[in-house]
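Given below, in the form of structure tokens, are the structures.
There are two complexes below, and they share chain A, which is joined by chain B in the first and by chain C in the second.
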Partner chain A sequence: MSDLNQNMIEKYRNSFLKEVEANVEEGEWVKMCMQCGVCSGSCPLGKHWAHPPQEIFMMIRAGKREAVLASDAMWMCTSCYNCIVRCPREVPITHIMHGLAHYAKRLGLAPKGQPTMAFSQIFWDNMLKAGRVNELKLGLSLYFKDGFVQGVKNSLANAKLGQNMMKAKRMNAAEFFGGHGVKDVSGLQKMIKKAQELEDARIAKYGN
Partner chain B sequence: MSAEKKLVGYVCTGCGIGDRLDAKQLLSTAKREGKLQECKQHDMLCNAEGVKLIADDIAAGATHIMIAACSRRAKVEAFHFPDAAMTRANLREGVIWVRPASGENSETTQEMADDYIRMACAELRTINKPSSSGEQSLIKNILVVGGGVTGMTAALEAAAAGYAVTLVEKSGALGGHAALLHKRVPSRAASAGTSNSRNAALPQPAENNVPELVSRVGTTGNISVHLNSSVAKTSGAPGRFSVDIAAESGSTSTGEFGAIIQASGFKPYDAGQLSEFAYGASPDVVTNLELEGLAKAAGDGPIKRPSDGKEVKSVAFIQCAGQRSDTQGHLPYCSGFCCTTSIKQAIYFKDQNPGCDTTILFDDLRTPGAAGEDFYRAGQQKMVTFSKGKATEVVPGSSLKVRFQDLILNEATEMECDLVVLATGMVANSGPDPYAPADAAQVPVASILNLQYRQGTDLPHLKHGFTDSHFICFPYETRRTGIYAAGPLRRPMDMQQAMDDAAGAAMKAIQAVENAGLGRAAHPRSGDLSFPSFRKEGCTQCKRCTVECPFGAINEDEKGYPLYNESRCRRCGTCMGACPVRVISFENYSVESVNQQIKNCNVPDEFQEKPRILVFACENDAYPALDQAAMSGKEITPWARVIPVRCLGSISLSWITDSLNSGYDGVVLMGCRRDDDYQCHFVKGSAMAAERMSKVGDTLSSLNLEPERVVLHEVAITDVERAPKLINDMADTVARIGQSPFKF
Partner chain C sequence: MAKREYSFYPGCSSQKGASSSNYLVSVQTLCEELDIKLNEIPDWNCCAASIGYGGGGVLPRLTLSARNIALSEQHNAGQDIVATCAACWLATREAAERFKHDGGLMAEASQALAETGLKLNNTTPIKHMAEVLVQDIGYAEIGAKVKKPLEGLKIAGYVGCQTNRPFGIAGESYENPLYLDRLIDTLGAQSIPTYEKKVQCCGGALAFSEPAKSQEMIKGIIEAAYDHGADMIATPCPLCQANVEIYQDQINNTYGTKFKMPVVYYSSLMAVAFGRSAKDAALDGQVVAAKQLEEIAKK
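Right after this comes the complex of A and B.
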């Protein structure tokens, strides 16, 4: 993946904006931002970000590639859509945030151990196995992601919640053994594989 | 006016007046005390029958009429009797609407109404029906000075309306700065319903239509163009200006004009003062106007930079260069055209080569006009980089380095580029300010109009060299009646605004021509036929009137006596208020006409404990504000007696001293705002009054009166709550400090 990063740097030498346009979901919108700051002011998490959306867009235009892609700002987006609703230029900000996060991860530049990213990976892997999310396993993998000791601590701390969910039939202990999936799991996996191939081919175009 | 005077009064009992007031009593006051020959009562004077009653009386010989009904600002169409002198007693807005109906108030309410009848009758006895001076003439020629976009548009508009236009241009060609533009900023927004999407169809730089304008001027029959010419001499007055037009060749021709439009435009700011941006040090630092030249030279090919002819691959625009800054030598204001100009120029580069790096460094991007915001988006669509940042320095070199403070990312940073464009502003191309303080160290500028006015050769300025005009109400109207300023001479503006401005000024000029032909005043007393005249025997040649007239209406004869130009006059009466020997008057407004009102109002003796508060309210703002207050049911103290005045500037100090001497307890003066953002309809009248009133304290102390008894307030037409309160405050003051010791 770091090759891809190098190639992208070569290709878009002086225009990170163009790189974003070509590779990031809805990236063509970044140029239309008029820097009014309404998004940053509307974002419930804006205060806690290193760079709120307006600033991220300015950084992209100022060519601050490293700073943008290695930042954990866009990983903080909760998809509340406040910004999209309010942006006077109708910039699809939320989608761009996710697009940037995705692109950074693909290039291997996303901050290591970023919890949102870790969770997203666990979620994806879990979901891919049977075509549906196995809550029990998802919970456990999340609790144990930082090692066994921490995992036990996390599980004990949330034991009560788990029991209640079982009582309410929201979670089933039997799911631990295999668990049920969608009807045609292999068909789904083929589909995903194909999508992955297409995406890889697209990236490969820039990757060499 | 030698004919027998016949004074007739009318008391209306409609609108509740009859229910609240004793009409019989009012009629007898008008006849016995007001000395009217006749006084009639009608239950709705403004209806056809009532109006006919009055008109018939006038036809039968009534020369003076007194209407006691609503405010003089109400029913003006119905009560329009140009064949008689008229006064109005304001019983509705002035009395019944500002007083509570309850029984214990009825006595003071009736007294108020009786006083207003006495005042209106007294005023009526001192005035005459005004008629024009007889000096007026109708010359349907209009002179336009300046052949740029503004001047040409004004000429075309006036010509289209059927007026002959003479257009004087200093240079050898029409078109001015605008003719040098490669393209122009679009003037229309995206079509209705255009989405916000990133690939919406947005307005683009448009063809420069100045050549077309030039040829239209050439082919329009009644425009005669004088190139390489200037105005050597302007004398006369609206309706009868006489102007010498001097050609560079040495020949001079004289023309007669009804009105003048000055469209002398702007001078580009001298970028030589911007050494921090390496202007002059590097040929690759150019101004926005110079870039137009480069773009024109390039045609559809790539724009080349001046130093080595290399194609420009990266360009930075520095907005507000030498503008909106307090630095010595910079312009303190925003020129208003440069943001859209930079967007347009950035698009020149992008359209030719989408790969060209174009950055606009702005502080606030201001995009006025219908197309403004859409045009900004058009620039963004083309990947022009807009960076909110303040340029601090340009380092010359084969590649220019632009240092700037990024205001979003909050850091000092820099960029390299081939060419730097400075978005510099415009400086008004005006003549010398007649009222510039003598000590101001100013670069001498040549006169543009060469007015033969005692008050100076050119239009007065407001600030920064821009022509003074009433910004809110009468933007084209300058302080020289019949001479209209249009375009960037008046305030910084772009081409579209200049064209709109020119159309407005042309309409005003036409109005001035027609008004002058009938001897009528221009705004705000439009249609007024009265004009000031003076009693020569009393005049001491002190020249106060000639100096204080805000409009330069009064010249001087060889003996030093004032020489009035009724058509330059706006009928404010500032000269009347200025005259220390009180010899200036109008047929229908004079020191005496107000004095009689003051005298004829009843001032009860001190034991009745009914104070009297005299209110002078400017008829333009304060008086309508009081009318509004009455309409919304605000109460005013029953001790107040309001006299409308044309302008605070017309107030004679004698009115104040005389009223205090005769037992009035307080005087309230209400006029318009008078600072740089003035609202005074006569520009300086209110300020003059304030200056004169600053000396009233001495008079008060010599009378042993408290200074609080005379107050001056700035009142806006919107001060509906405040205006009545200011009067009631004076009633409180009188209650606190006690009644005047001068009562009989």
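Right after this comes the complex of A and C.
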């Protein structure tokens, strides 16, 4: 378990809600939820959510820190925005789900090997290398994330799809050797590094 | 000089050899026909899409969009930003609104942005291409350009999630938006306003990380189109287009279905209806060929 996690347990000993309000994207909205359940009925992958959004909001208020942050429920969010436009309290549910998932990962509490978490990180790293996404490498890193043997199996299973995309000129093997990117890569990376530092500092100090 | 000019944010998937390169080709064609000039934002970067949230925190993600808006304000001053990708549009517009409501975030993003020597004013409207067509141009002007009406084609308008929510097109309902149907009708084809899956999620990025769960939803989207007797599905979103089109073989293997439903961009429909070639409409970019559109383009 990370040091940051220990620090946060110390700091917010009495209130998980306060911790969420301080450290999770749009977390200050959680208290506005009136438990109507509309959001929970809106998730396209609803049946796969161990705790649907309404329940997560209830658990946050009940201080169930571990149960929320270690859950893979939030990782089922498809960013469909159904909930946001339907919620009678205009709670930005999508962002809170993303925020909780990100925070759980930051603290090292998210379930190991969660596929959407893995993909999300692969996507982010891929994008940051050149400032634009390299779709070929994105696909390959996803297939090979569980090791070489599994990677070959996954690639073979999707071989026909890849051929179809190449035929339609919507996938390009040459992307493996470089590919698209921004010109000012170093500037972009400096900018993101700065943004990350500012955000880390804010989370570390908040509430003191 | 072109009648209308916009600052254009094409997005990663539109690049040459990428998954929606065909979208860009057909959009360029329709812009030629409608006398729209798209000035690409110089050195634009990825918007981090929705799925970037696991890797990047709020501020790094929003700062990516800040850079694009700042570049646009510097190089294409006074022009509205237009995006063709739903996720690009959503991320950029969401960032702009968050900065307006949260001075603290705006200050931090500006600080990070200063590392690249850029400054954000954040006064630029951010539009989806569908808004440009429906609001700035209008159905009448589009209809007047139709040379080859798409007669006899029944088309399910699949709007999807992020072109529709949370911002959507002004005046349209979230549960049953009708602008795509109206556009289809304007082009001379027959729309299916009662297509019940028109705003159903395709799984988005989870089509990669949770393929089985997502393909179950995609199956429903295609099935409903067949139930309505649709010849093809049309969509404004690159991820919807790819997800609904390219996994049909895998879905057929899993479920024993026999899907072979073309999924095209609204822009390909427009290019063909405007009398342009199959190539200009980027029909060569289909994984499931849109044969009926090819026929009309050949006439």
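Everything that follows uses one rule, which is that the second predicted complex is superposed on the first by the 204 of 208 C-alpha atoms of A that agree within 3 Å, B and C clash if a C-alpha of one lies under 4 Å from a C-alpha of the other, contacts with A are read in each partner's own complex, and residues count from 1 in each chain.
As a convention for this text, a residue touches a chain if its C-beta (ideal position, glycine included) is under 8 Å from a C-beta of that chain, and two chains touch if they have at least 3 such contacts.
Because the structure is predicted, anything quoted here is derived from the model rather than measured.
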Checklist entry - Looking at the overlay, does A:H102 come into contact with chain B only (first), chain C only (second), both, or neither? => result second
Next on the checklist: Taking the superposition on A as described, I'd like to know which of chain B and chain C A:Q35 touches: first, second, both or neither.
Outcome noted: first
Item to check | Partner chain(s) touched by A:M8 [first = chain B, second = chain C, both, neither] | outcome: neither
Next on the checklist: Tell me the contact category for A:M127 with respect to chain B and chain C: first, second, both or neither.
Outcome noted: second
Checklist entry - Which holds for A:I56: it touches chain B only (first), chain C only (second), both, or neither? => result neither
Next on the checklist: Contacts for A:L69 in the overlay, against chain B (first) and chain C (second): which applies, first, second, both or neither?
Outcome noted: neither
Next on the checklist: By the touch definition at the top of the document, which applies to A:K190: first (chain B), second (chain C), both, or neither?
Outcome noted: second
Checklist entry - Counting residues of chain A in contact, which comes out ahead: chain B or chain C? => result C
Checklist entry - When the two structures are overlaid on chain A, which partner does A:R89 contact: first (chain B), second (chain C), both, or neither? => result first
Checklist entry - In their complex, what parts of chain A are in touch with chain B? => result 14-15, 17-18, 28-29, 31-32, 34-35, 54-55, 58-59, 61-62, 64, 89-90
Checklist entry - What part of chain C is in contact with chain A in the complex they form? => result 12-13, 15-22, 43-46, 48-60, 63-64, 67, 108-109, 111-113, 115-117, 161-162, 165-166, 174, 200-201, 203-206, 208-210, 213-214, 217, 242, 246-247, 249-250, 284-287
Checklist outcome for this item: Interface with chain A, chain B side, in the complex: residues 196-198, 357, 365, 376-377, 380-381, 383, 385-388, 406, 408-409, 413
Checklist outcome for this item: Listed in rising order, the residues of chain A that touch chain C in the complex are 25, 44-45, 48, 76, 78-82, 84-86, 94, 98-99, 101-102, 105-106, 115-121, 123-125, 127, 131-133, 135, 139, 142, 160-161, 164-165, 167-172, 174-175, 180, 182-184, 187-188, 190-196, 198-199, 202
